[in-house]
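Following: one structure in structure tokens, then a few remarks.
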Amino acid sequence: MEFAFDENPEVAAAGADVLMLDIDGWEGPLDLLLALARTQKVDLREISILALVEQYLAFLNDAKALKLEIAADYLVMAAWLAYLKSGLLLPRDEAVDPSPEELALRLQLRLQRLNAMREAGARLVARDRIGRDVFLFGAPQGLRTVRKAAWEADLYALIAAYGAVTARNRPVFHHVARRPVMTLEAAIERVAAMLGERIEWRRIEAFLPGGTDEAYRRSALASSFVAALELARQGRLDMKQDGAFAPLFIKAA
Amino acid sequence: MEKPDSAMRLVEAALFASDKPMSISDLRAHLGERIDVATALELLAGDYAGRGIELVERGGRWHFQTAPDLAHILRLEREEPRKLSRAGVETLAIIAYHEPVSRAEIEAIRGVQISKGTLDVLMEAGWVRPAGRRETPGRPLIYATTPGFLAHFGLSSRRDLPGIDDLRAAGLLDPVDMAFDALELESDGDNA
Amino acid sequence: MEKPDSAMRLVEAALFASDKPMSISDLRAHLGERIDVATALELLAGDYAGRGIELVERGGRWHFQTAPDLAHILRLEREEPRKLSRAGVETLAIIAYHEPVSRAEIEAIRGVQISKGTLDVLMEAGWVRPAGRRETPGRPLIYATTPGFLAHFGLSSRRDLPGIDDLRAAGLLDPVDMAFDALELESDGDNA
């Protein structure tokens, strides 16, 4: 494909052969080389690398004559190009790798690529651009999505929460239920009265009150036993038991 | 759509691009004196009648705007379900059981302070409303539930709320892990 | 103008009201899933063809804009909305035609280092964005263009980039090494 070469402003200003000597006008040696290549007015694939090298070196020479400060990378490029030129002119040395032809071709490829992008950029910025060629609606009201929280809670959560609050903060009362017991005093009185003047042995259970309340019976048994011990201490009754856990007998002393 | 003539196209584009309404003389100054702006405006207004956007005139100035019946699409409200925090649920429950109740009373019942956001959320949800002031020193604001509260929770009246005895029977007054709960409550009270 | 159906009116109004281009899914999210957005867009684009404003698609997003042929009348001053330096233009072109591309790759094509600020300007304009890292040694950041780039330069997609097919066919988007190897192969083939 052919690329139409834009008139490079720097080159155009200085005419076809004489380049304006302004290093700052070029962004580095490659940029300058591309400008020089374009003065050959041929497809970049057809450019003469030798002519390009001549032009570049002549350009730097002129710049030097005008005592311009020349940036180091321009001089590095000049040295490299001088080397390339000598390689292209001298008989081919097979030992040298890469070959001067390869280097020249690579330079040419680089210039083609830079040129392609330069032209693509120019075509890009020349398109119908928003705010310059085409315009958007001047007064958009804007679309807004207002996110509103839809709060969720269910009745169970509500009731359970109230229960939790109530349980947490309700004053706590400790009720101790009254349990049926026979006090020691009652037991002493009862055992003493029932014992009377009996002189035959009787099991202690015979002294307990009737009724079906097991808890009360156990309490009465415990109290009556202690009462019996107390009455025995006072010498008012005698106790006997044949062995551990055997029935306990009492009688009046 | 019919093909508009060039005056119409220019007026259409100029009004569209302008960030403020334009009068006939604005348009003429912009587009040139030879353009029949008035006729173009009239034709355009006819073209756009009934569309999603309309060309309207206000006080001698013309502009495009979205059709008034579509105004609702400009501001779309989207509901996002969000779970009420535990502090929120408790506060709501206390208000429901004790209404009308002041903030200080809620805190006394809860045993934990409530953050400002908690009541705001309940009001935003439409479940709680300020219900006047208590005629006590400081005249604190008191809160009550709304009909929306009853509707949301499927209650026909507040009397439908289970009483303390019902709660006890349901085991909801059992002081399970009370210390742990209290800790949790305080921390989520901050986020309510 | 024919009377548009309600889907068309909604899409038309939404695109007018929106302050940025909208994709089909943006429109659907805003207008509801039941609206046939794609058909409405197609019909609207047809309605507006040839008018002073037109409906265009840029990178999957739609917006209304003034017709390009009216540019000379609408623009009051010919100044570019964002005056790009030559380096900026070239860098933008390289990113657009080669994306995704690393800074080193841009520098290799341009033959100079990218000065600080060149990429910043392009990113600030909303035309270029970092697009991850290349999984090569050093994991360099790579850059790509944005939907905003397509919209600004009036491109429906990157395939619309001026001359991109020709450039690709000519191998001018391939790295120098690759192009060189291809040439070597070609000449080897000739000799064989």
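Lettered A, B and C in written order, each chain numbered from 1.
We adopt the following convention: a residue touches a chain if its C-beta (ideal position, glycine included) is under 8 Å from a C-beta of that chain, and two chains touch if they have at least 3 such contacts.
Computed from a prediction, not measured in an experiment: that's the story for all the values here.
Engineer: Most central chain by CA mean?
Structural biologist: A
Engineer: Suppose chain centres are the mean of their C-alpha atoms. Which chain sits farthest from subunit B?
Structural biologist: If we average the C-alpha coordinates per chain, C ends up farthest from subunit B.
Engineer: Distance from the CA centroid of subunit A to that of subunit C, rounded to the nearest Å?
Structural biologist: About 32 Å, centre to centre.
Engineer: Where the centres are mean C-alpha positions, what is the separation of subunit B from subunit C, in Å?
Structural biologist: Between these chains, centre-to-centre, one finds 39 Å.
Engineer: Which positions in subunit B are in touch with at least two other chains?
Structural biologist: Correct list: 13, 16-17, 64, 66, 73-74, 76.
Engineer: What residues in subunit A touch two or more of the other chains?
Structural biologist: Answer for subunit A, listing residues that touch two or more other chains: 135-137, 141-143, 145.
Engineer: Note which residues of subunit A are touching subunit B in the complex, please.
Structural biologist: That would be residues 135-139, 141-155, 157-170 of subunit A.
Engineer: What residues of subunit C sit close enough to touch subunit A in their complex?
Structural biologist: 14, 16-19, 29-30, 63-68, 71, 74-75, 78-81, 84, 86-87, 89-90, 92-94, 96-97, 109-112, 151-155, 161-164, 166-167, 169-170, 172-173, 176, 179-180, 183
Engineer: Hey, which residues of subunit C end up touching subunit B in the complex?
Structural biologist: Answer in residue numbers: 1-4, 8-14, 16-17, 30-31, 46-53, 64, 66-67, 70, 73-74, 76.
Engineer: Touching residues of subunit A toward subunit C in the complex: what are they?
Structural biologist: Residues of subunit A touching subunit C: 1, 27-31, 102, 105-106, 109-110, 112-114, 116-125, 127-137, 140-143, 145.
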